[in-house]
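Order of writing sets the labels: A, B, C and D. Residues in every chain begin at 1.
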Amino acid sequence: MRKVKEKGSKGISYFVDKYRIFILFAILLIISIAFAPNFFNAFNLTSIMKGASLYIFLAIGMTIVMICGQLDLSVQSVMNLGAVLVIGLRTWSGFGWIWSILIAIAAGAAMGLINGLIVTKGKIHSFITTLGTMTITSGLVFLYTHGGSISTEGDFALGDLMDQTLIPLFTLRVIITVVAVLVFSLILNRTRFGRAFYMVGGNKDTAWLAGINTNRKITTAFIISGSMAALGGALFAISQNSAVPNMGTKGISPLMVAIAATIIGGTSMAGGKGGVFKSFVAVLTIMIIFNALTCFGTGYEVQVFANGLVLAAVVLYEALAIYRADKIKGIRTELLKEVQNK
Amino acid sequence: NTTTPAVEADAPADDAGDAADDATADDATAEEAEMSNLDKSLALNIDSVVGSDGQPLLLDLEKKDVPERPADPDALPEEDPLHWYDMEYAGWGAMDKENIPASPADGSIGKKVIVIINGDHPYLTAYSNGATIAAEAYGMDIQIMSPNWDLNVQNQQVDQAINAKPDMIILIPLDAKAAVTQFRRINDAGVPCIASNMLPEAEAMKYVIGWAGPDDWGQFRMLADVLAEEIGGKGGVAYVQHAPGGSPYFARCWGPLSQFAANYPDIVTLDKQAPGFEADKTKQLVSDWITKFGDELTAIVAADDSAQAIGIIEALKEAGREDVKVIAAGNSKIGMDYIASGELLAISYQSAEADGATPIKMAADWFNGLDVDPVYYLPKHVITQADVADFLPAQW
Amino acid sequence: MGEAMVALQMKQVSKRFPGTLAVDHVDFAVKKGEVHALIGENGAGKSTLMKTLAGSYNDYTGKIFINSQEVTLHTPLQAKQQGIEMIYQEMSLAQPISIAENILVGRLPRKGLFLDNKKIISQSKKLLERVGLSHIDPKIPISEISQHEAQLVEIAKALGNDPHILVMDEPTSALSREEVNTLFSIINNLKQQGISIVYISHHLPEIFEVADSVTVMRDGKIVGNHQICDVTSEKLVEQMVGRSINEFYSKRDANIGEVMLSVKDLSRYGFFHNVSFDVHEGEIVGICGLAGSGRSELARSIVSADPTDDGEIYLEGKRVKGKNMNAVMREGIAYMTENRKTEGLALRMSVEENLLAAMIPELSVGLIYSRKRGKKPMGDLIEKLNISAPSTNSMVSNLSGGNQQKVLLAKWLAIKPRVLILDEPTRGVDIGAKMHIHHVIEDLANNGHAVIVISSDLPELVGLSDRSMIMRNGHFIGEIGKDELSEDTLLLAANGEGRS
Amino acid sequence: MNKKIEKQGSVSQNIAHEKQSGKILDITSRFGVYGILIVLIIAGIFINSNFFSLNNFKNVIQAGAFLGILCAGMAFITYSGHFADMSAPITMALSGIVTISCISFGIVPALLIGIGAGVLVGVINGIVIGKFKANPIIWTLAMNFVVSGIIRWVYSNKQIYPDVESGGSIAGEMFTNISRTYLWGIPISVFIMIGLLLIGQFVLSKTRYGKQLKIIGSNIDTAKLTGINVSRNILIAYIIASFAAALAGIFVTSFGKVGAYYNGEGYDFRAVTAIVIGGMTLSGGRGNMIGVLGGVLTIGILSNLMTFIGIGTFEQQIVTGAIFILIVWINSNSLRKLGRDDA
């Protein structure tokens, strides 16, 4: 039997690779704390997390969908759907908050279900499917609101509660967000149900042959994505006491932030790799960049540029890492020593 | 270069800067030393500050007749101008202001103002330009933030602005209704605040000193009158709408539409569509209309006088339908060029720079302890071929 | 045959693909605790029949009985519940996922609601040990281990499910002899426990070594069923191919000329070091070595598909300057990969497009590609290699494994390179096809080309090559001339016990 | 020997069989979008008498011209298995705004510099994606952000006008006339679109490059081990795509008479839609340019038709999205039925 050193040795590059998002986060945080005026205080940090909340809900779904090897471009429209429904049902139809929220989530889940069914049964690439449903959902949202926005008409109670700082730094909405992240992290990492998503993304045939209902799994991922997007939109709308039908149709949209964060967090578009918690940290990282740049008083163009640069750097880093790994894959260390000894 | 402010050599802006410097200088003359900051602020001459189009930047403001609010505007048909009462006259209502700090009445000089605009657009670049010129004239410090059309980012910038503890926040809300919470938040934090450009919901007016901006509804009613006159009070009108979501989406379609309905019963509505701000998409829409409606199409009302106007004019030209009259919200360079060449019938005069300067004026008035109306309208004017030359060069 | 003894019975099972009746009213039975070999030409329907059993198809017709109970096997899960496990011909592991999870997929141990990570590791370690991979950390992803290791992981995965019926579809095609031995002892062990095994292979010696009975398939039908003791390999071949094949390796009179390819001190650090050898015109040179000895890496470096750290290559005395595979190919050296599915073929493209893929520059006039000029070479190749496909337009992925392999080979024969390096040219190919391929390789050499054959199939190396070089741990340790060439000498040398 | 003949026989038999049963599917899979187009046109005839007129079709094809020009390039990206070029919008904006700022050098140098600037984006994309195998969607998205930031910064968020930049000289007017020049009453952009699509069709189906690109699109590792210069071919695809995007950008900018960072916004997804409706699959190596033209026309006719029916903007979105998915389903389903695709 040939002698092989135990594989997967944990060198420094391995460490950097595995925890790169945390390192990036820490570096940017420290730089911002050190240099950005008005950055490091409770008020601003809370504000960053409040801002991150919306994107995190999109990123949760995006991450799970990408782990399955799919893509969900409809999250932003679904987010708007959740937002207008929760306020519309409350204000126009007189539902209670609980019901409004539940129906909004259900509507998001329904959109996810449709996405999932088209992708799995219709066998249409998720990029295409969700591009289509994105348009459809946005049409539905406008139809519902007649193109305008909806407000709670002076009912600020729940909105204020959402924005209340319950624990230092954490408002209720942020707490819900963090809980959602933790729950989904736990599910993905520590349950059979969650690991199956990775299997499906890693190799659909393997998963299917192992008895996993891959179609159902992918559909579930889309349902989670849809309902989380709707919930994120709904919570945002509640804390805003109003809902806007067209968020993100211009500028760096929440959709782009969610995709960028998911990638920066290390989830692979090819599927089978990634995690919700990392995406969460990645969203915070992007928010820190935006926030700190505003603190410096730079214009929006610098923020776009910085966002692009980070994204580009991460993509390039990833590509080079794979390139390097490919090059040394299967290298035999005992043979290498031979050269070094010479 | 169209956008450098044409401040004259001996413009008061310079004086204002000097005055501010002098106020802190040790070797100030006795007379100046005696003057309080308020006196100095009041003494600033702002009348001759002009924008890049050579028009005075801080104009005399317009008043508007505010009718009685109907009991339930929503119950009225959409064609009824009063259906839109709450949008059109937001801010004028008898709403009680809440928790508005009292004016310090100690002068505008040296005050720190943060302006949060709603996004990036050449209009808003000119707006920011105007705000900056005006702020300099009043001796104020100004910082401008842009969330690039993202409400979530704007919320954060509101927080960041509060956190920077300025003397005043000026906010162009992204959405009329979402604005309520934003203004409420600023109000809660005890920072005086002015709403600008986009009309927020009436509810939001509680929390602000006032609103300054163009009278979109009023302007479009004026434009509508000009158009109705031109087409003899009858014909078919199609509407190229603003992007859904904001107040212009309503004002620039239902403003003229309800005006026609109220005063020119023979004008009919053919279609309303929102193709976005892309010339080629608008062109296809209008070409489709020309084919579909043929001679029924007498006029087009557009929410934008640049990209949309190009699409409309090109489609009309191509179909040889120069007889169709077009009005649009102004006043971009493209729009004014079209007015000059007679391809557009009329556009509204809406100086972007003045739009930026007006809330600054409101802020300064407030710092100076002057009476401040709840609404500062930009003056309304319809630009036609006859007077377009006065408004060139364009600001954006 | 007592009823109780029968573990599996398939009655009149058929499975149709668009355009092909892959399995045609087959009756097939396996007894408890026996190793039942299933053999046949490429495309005979072996894999399809077994995949039907493993629940891959929900549209088969006919009846399946497990332990005399009729069952419906429409999903893999249903098959698993019946205790049927299959090791697939085409690797089916998820690359980015850890070995442990791949092994335990679908039945990860839990503690309460959550996974029991300790148990996952310990269970998978145990299974890895059983297949001789105790040195591998089960936490690393599949993408970090080599192909033959992955094949073993696959076996471990199937064992973990404690099957009653275990189907192995060409499990040894990527394994070294030693690993094959491990596998056989595992098989014997399972047999003792009363587990039935269906064993598909193109290696007849293996079948005589391990199987108790054998079923022969041809064109989707069963054409023979024997106890292993009642049958000879000649007889099986005749049933498989429909004619008798007497002589496997015709003695070729090699007409060896000038040095064609000369490799000098070539190294890729960590993979192979200081390799030097010559290959002559008209010569077939074998490279023998255990899996992981660096043969494939060497070949890839020669054609610049992988980088080289040191050394030179000369073709007909001239230094090969190409820095990428495409340039090297233009100079006259070509390499056929061992990874048919992932690197060899574009599975979603047609037979024609794959056949002519390497020929595109030759077929083009200037920048323009002429499809017409490809017709003749394509027809010739299809005939020469006896490629059987529904049509030249059909996707390669719909072909049987052996025919895919032939398409891959044809793609390289098409460009007639001065030097052709073939990596495992007959992996997964049936005997008939193998014969064809060998003839074609010999033809090539007879026409003055030089051929290097890398193969783990020792009889193939012995029969085909004029001499064989031995690689061990990234080094060339010598060569064995034609006269001394035999399976034993090769094996000894590769294992480091023979001459060096 | 016998057997050989038998096998050969089965090949030709099967071909014959496939020819009969698969012909319709084959046509659907290749040109299915035209079937939809015909259905839409027939529907249009019943809906409005003005619909079926030369003028109307002229409008539709004209309206799709800029998009078509963009698609003629971006299809190369899709075909090569790299999904879409998300930096197309900013490439369009860049070439337009750079051309205008150089307009004082004369129209031809300005156009060359402008298109060159756009192609530069493609070169960067092509190198990074071709050589280092960066994820194409995300990389081009990042490029879109980066270049957008640069343009906004350089031009301080303003838009610039050809007539102003050229100081009122003839070059400015020539620039705005690029999209207003007509041949036989049809804008030249239409001819350029059709020309580019036909050239693209030729390149994809009839050239060595196209054949190799198809292999790259189907399996990039195989392409590499077939001795195809993968990184160079991908670079070429991105150069073609950026050239087309730059050209489309020139037209859009010329038509809108202003150079600005936002010219081209939204064109990325619109182009993907047209390309995919036209029968190219995102998994690469499938489809043709004639289909892409069909995709462009279908989008045009659909919106034309809905305006004729008088459907509101919002309902139009819903219908468009649904029809989009439907067409893609028809295309991919017939490919699958044919056994030409397993996706």
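Here, a contact is a pair of C-beta atoms (placed from the backbone, for glycine too) under 8 Å apart; a residue touches a chain by one contact, two chains touch by 3 or more.
As the structure is a computational prediction, the values presented were derived from the model and not from experiment.
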| message | Show me the overlap between the contact partners of subunit B and those of subunit C. | response | A, D
| remark: Note: chains that touch subunit A and subunit B both are D
| task | Taking each chain's centre as the mean of its C-alpha atoms, give the chain farthest from subunit B. | result | C
| In whole angstrom, what separates the CA-based centres of subunit A and subunit D? | 30
| In whole angstrom, how far does the Cα centroid of subunit B sit from the Cα centroid of subunit D? | 39
| query | Which positions in subunit C touch two or more other chains at once? | reply | none
| said: By the touch rule stated above, which residues of subunit A touch at least two different other chains? | reply: 142, 147, 250, 252, 299-300, 303-304
| task | Spell out, as numbers or ranges, the residues of subunit D touching 2 or more other chains. | result | 152, 157, 283, 313-314, 343
| note | Pairs of chains in contact here are A-B, A-C, A-D, B-D, C-D
| remark: The subunit D residues in contact with subunit C across the complex are 3-4, 7-8, 10-11, 14-15, 17-18, 206-212, 214-215, 218-219, 221-229, 283, 285, 337, 339-343
| Footprint of subunit D on subunit A - complex, ascending | 118, 122-125, 127-129, 131-136, 138-140, 142-143, 147, 250, 252, 256, 259-260, 263, 269, 299-309, 311-312, 315-316, 318-320, 322-323
| task | Going by the contact rule at the top, pick out the subunit D residues touching subunit A in the complex. | result | 83, 128, 132-135, 137-139, 141-150, 152-153, 157, 265, 269, 272-273, 276, 281-283, 313-318, 320-322, 324-325, 328-329, 332-333, 336, 343
| message | For the complex, give me every residue of subunit C touching subunit D. | response | 17-19, 241-243, 303, 305, 324-326, 328-330, 334-335, 337, 342-349, 353, 357-358, 360-361, 364, 367-369, 382-383, 386, 388-395, 397-398, 411
| task | Note which residues of subunit B are touching subunit A in the complex, please. | result | 119-120, 143, 145-153, 155-157, 159-160, 162-164, 174-178, 180-181, 184, 201, 203, 243-245, 249-250, 274
